[in-house]
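Next come two complexes, and both contain chain A; in the first it sits with chain B, in the second with chain C.
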Partner chain A sequence: MNDMRKIERDVKMTDTKITARNVNVHYGDTHAIKDVNVDIADKTVTAFIGPSGCGKSTFLRCLNRMNDTIDVCRVQGDIRIDGKDIHDKSVDPVQLRAHVGMVFQKPNPFPKSIYDNIAYGPRIHGLAKSKAELDEIVEKALRRGAIWDEVKDRLTQSGTGLSGGQQQRLCIARAIATEPDILLMDEPCSALDPIATAQVEELIDELHRDYSVIIVTHSMQQAARVSQKTAFFHLGNLVEFGDTDQIFTDPKDPRTESYITGRIG
Partner chain B sequence: MNSKHIVASFDRDLEGIQAALMKMGGLVEEALRNSAKALEARDFDLAEKVRKGDRLIDELELTIKTDTAKLLALRSPTAVDLRTVLTVMEISSHLERCGDLAKNIAKRTIATADASNISGTLAASRRLSNFVEIMIRDSLDAYIQRDVEMAKEIIERDAEADQIYNTLFRSLLTHMMEDHRNIAFGMHLHFIAKNIERVGDHATGIAEQTIYLVTNAFPDDDRPKSDATALGFRDAGE
Partner chain C sequence: MTEQTASNKFDWAGPAFKARLNKRKRSQLTLKLLGLGAISIAFGMLFLLVASLVSTGYHAFTQTHIEVEVFLDPEQINADDPNRGNYRQIITDTLVTQFPEVADDRAELRKLTSILSNGAQFSIRDEVVADPDLIGQTVTFKVPVSDPYDQLNKGLMDRETPEEFRRLKNEEIANFDILKERGMVSKPLNTALITNADSRFPELAGLKGAIIGSFYALLTCFLLSFPIGIGAAIYLEEFAPKNKVSDLIEININNLAAVPSVVFGLLALAVFLGWFGMPRSAPFVGGMTLALMTLPTIIIATRASLKAVPPSIREAALGVGASKQQVVFGHVLPLAMPGILTGTIIGLAQALGETAPLLLIGMNAFITSAPATPFDSATALPTQIFIWADSPERGFVSRTSAAILVLLSFLIMMNGIAIFLRQKFQRKW
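Presenting the complex of A and B:
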């Protein structure tokens, strides 16, 4: 079965961006991720779904080494981005996170101006040589974040004064400002109303032409709407990974079918 | 897979549309049976009853279409649940057409009131209608029992229905060539036979839905076509 959305956008999904092999994660005594193997394609939206505690967020956080910040958390296995091992000693996790941007469940703008929210990353990574160049980066990021028209006249006002949906798009724009290749989104719409959700989903749709987007969501309908690939996690296992239309119409594993049809939580 | 949804009312909705479908199936079987009986016994009151009864089948189809649309909108079913809803919609269309065909048979039965019967042909058409009525009943049983093997067997059976129709067609043709006074009745009975034969095709269609429901794939369309009467007016009876 062909996904109409793939044809419509003529997306090439042959290039692998991320490969994960035998990834295991322990939180103290808890085995949170069990031997996960997956290839994530470039310029594609991949959705991670599964019940609470299934490990989908934990696995997402492996991809930019966010789990490093948790003391009791041990990550084993091989994760490569563009063929390069992200656990290699030469990799600086801060640089890694500039390339693998992240957006969280709750919009978390810095208590700074809208302009500074976006400019923060490019400044610390030294991406702009002049004020004019920085202005350009900020405008470009806000445009890509589909929020430029709403904030262009109040760039000096605080980012926390925006509505929830605007804040979330601001955070997405902030993540984009450091020119990442990959965007990780952990429940980016669960604190938003349906209209703001639709705007973020439209934005995700735009973004995946340039980025590899991975979204963790509790809303299966959202996964179905925005993603081309879906991975179903259950009790720390990656149960099934495939084209989104296949997962939602013809799941191969009975656990996947039970979950997507609402028979197990 | 667990059979029950966490949201129990989802199960009730899915059961509801399938129960309505089975009720519709029951009415269609009855209409087919009565139309055949009316034709053979030349019982025009019964034919009239079948003609009028089709409204009930149409109403039930409308209810099913409304309920399935509602279920799609409100429950966003996926995988086997989605296929259940889609197949209920599809099968209700097949059954509605079967109801129309039974009505057509009844109308033609009334129209043949003045024509004289051709001996032997009524019994042959009765055989055909018995045969397809069982096909419809079995196709609905296979659906409810999610029985793919039975569904496949029903699809095979359609060739036999075509053969009974072909035999009747040749017999009617012979009678009409031998005596032109047979033409009026012969033509009516031919349309009736064609209508009955079409019911077999709908039973096949229902069986295909069962296969799709269970396997998420449609069977290959390689069943033998046994309608040898394709002389350019094959579908004249529709």
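Presenting the complex of A and C:
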């Protein structure tokens, strides 16, 4: 199945989309992220890998300020998207999250119709001026989410009635309906079977032409399959960051090597 | 496998294991039987309660009437104002025509007319007022008999009791029997129980005032406690910072739910009636008092329902850039609605049955007309039961049970609505 897909390995030297400098995150007394510095390129797939509890999801949630919603969580450091500090007072976290879409581990469609699931974001941000325009946005998002053909005849049915893989693609379509620049994916395939996983991976491959995609994954095979850049996290540290090929074939850090070869994890 | 290795392993078929197995099965059976016993006792008690209420209360659902042919004498009724007429005289005259021999004996006459309810003339008056053309005609009316004769007709008065211990003397019973023989006595459905307000005379007393009073009180209670309760719960659960102050508020709300209702009644008496000078016995004030009690229940139920909404839905909404308020009102609240509605209706059902606080604000007054507005004096169903249970007339014994049955049927109806709403909303979401 892998070799059926043509993956662009040659990463063009595109612009840097996200810059993180000295990012520290504390959950109460736990120091979850320690001094992370990273530059994430535009229109690429970046994979965050690492053992459970290493902080990769926490770091991902820093990028759309999702951690703000957790009371005990403190985020320090400088994170810039397109050079603009996301913690700046002028930045509204709610608006930021519309620009930085997020897909979660467990498919979580709203218990509303498929149409309303997609239309919710555009509606609250006023992206559509008319019903026809909204219909267009919904169709476009569902097409990009590679689920249009499966659901076009039942847009009024509940999103929760879809299969797990369809639900996750619906969630991806929902995330891209607000035209974000960046798509954060927190282990999007961990609740899916291999076929649904393959569909989502194909979709990710499609999406990175328009968005910069950051995917947290437990599966190193998945990281190797879909990403151009890989970051390895361990115990809250960003141990190694580089081209996916290099990380998997020629890791510089002994910890990365141990993880990749299955000795720690 | 050799014997040696087998002996080292646990013997799954040995006597020790069998004993353990039997013990486990026994204890499980005991638990099952205890559970069944508890449920049977609960059901038995419920059955006894309903059975005793029905066995005394069913008498109140019928009322003995006598049928009289009344000549509406134009000389006795003012045709310009039919409200003013000597209807009592008209109806006694009619009765006397059945017993011409007593017409001149005042004592006998009094005994005879005691058959008629004290309100018998009013049912005739009301018909004449509604249709003044009846004046001068002879019309057949069914009028209620007074309570002792009603008891006699329903078999609740023992004819064998020595005359001096009986409410009705032999002569009076004989009069009634004559009327019965002539086919003038009937026992139709007692619609007065629902259509009349309270009265001193059991045969005329009804629950209209109490039902309307309870309705107004519950409406006030709902309109106050539902929005305030949900608002408070949403703020506490979703927006309030989690600190010592919010902990203190939470503890206080939980304690308020356990405060005896009579305390709320005293509070209402002191504050609503004493300070603000609100009207005594008014269902509106009763509803405000009940709202004080219902609020903690609604707040607790709402908070529990909000907490039960899966966090993934909140994250999903936050993830597409919804604000906190959009998340709460667009996603969390609709999902929590079935639980909130159930909690609210159970709280209101509790309020419907609450007596003590209403007694303290004077909703146990004797009021013979149904309230037109929530600010008029009225009773409520539980306080009406309280009043009737206190009344000495025999007819109120069965009427008290009947009123309890009416109250219980309202409670069952409300719980039914709660179940219906919960299921309807759950299907939708």
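The definition used in the following text is that the second predicted complex is superposed on the first by the 252 of 265 C-alpha atoms of A that agree within 3 Å, B and C clash if a C-alpha of one lies under 4 Å from a C-alpha of the other, contacts with A are read in each partner's own complex, and residues count from 1 in each chain.
In this text, a contact is a pair of C-beta atoms (placed from the backbone, for glycine too) under 8 Å apart; a residue touches a chain by one contact, two chains touch by 3 or more.
This structure is a prediction, so every number in the text was calculated from the model and none was measured.
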Chain B versus chain C as contact partner of A:E179, first or second or both or neither: neither
First, second, both or neither for A:Q221, with chain B first and chain C second: first
First (chain B), second (chain C), both or neither touched by A:P251: first
Partner chain(s) touched by A:D39 [first = chain B, second = chain C, both, neither]: neither
First (chain B), second (chain C), both or neither touched by A:F104: second
First (chain B), second (chain C), both or neither touched by A:D205: neither
Touching partner for A:E139 - first (chain B), second (chain C), both, neither: neither
Dominant toucher of chain A (residue count), chain B or chain C: C
Chain C-facing residues of chain A, complex: 64, 66, 69, 71, 94-99, 101-104, 106, 108-111, 120-121, 124-125, 171, 174-175, 177-178
Chain B-touching residues of chain A, taken from the complex the two chains share: 220-221, 224, 248-251, 254, 257-258, 260-265
Of chain C, residues touching chain A in the complex: 242, 310, 312-323, 326, 330-331, 335, 429
Touch list for chain B against partner chain A, complex: 1-7, 10, 76-83, 216
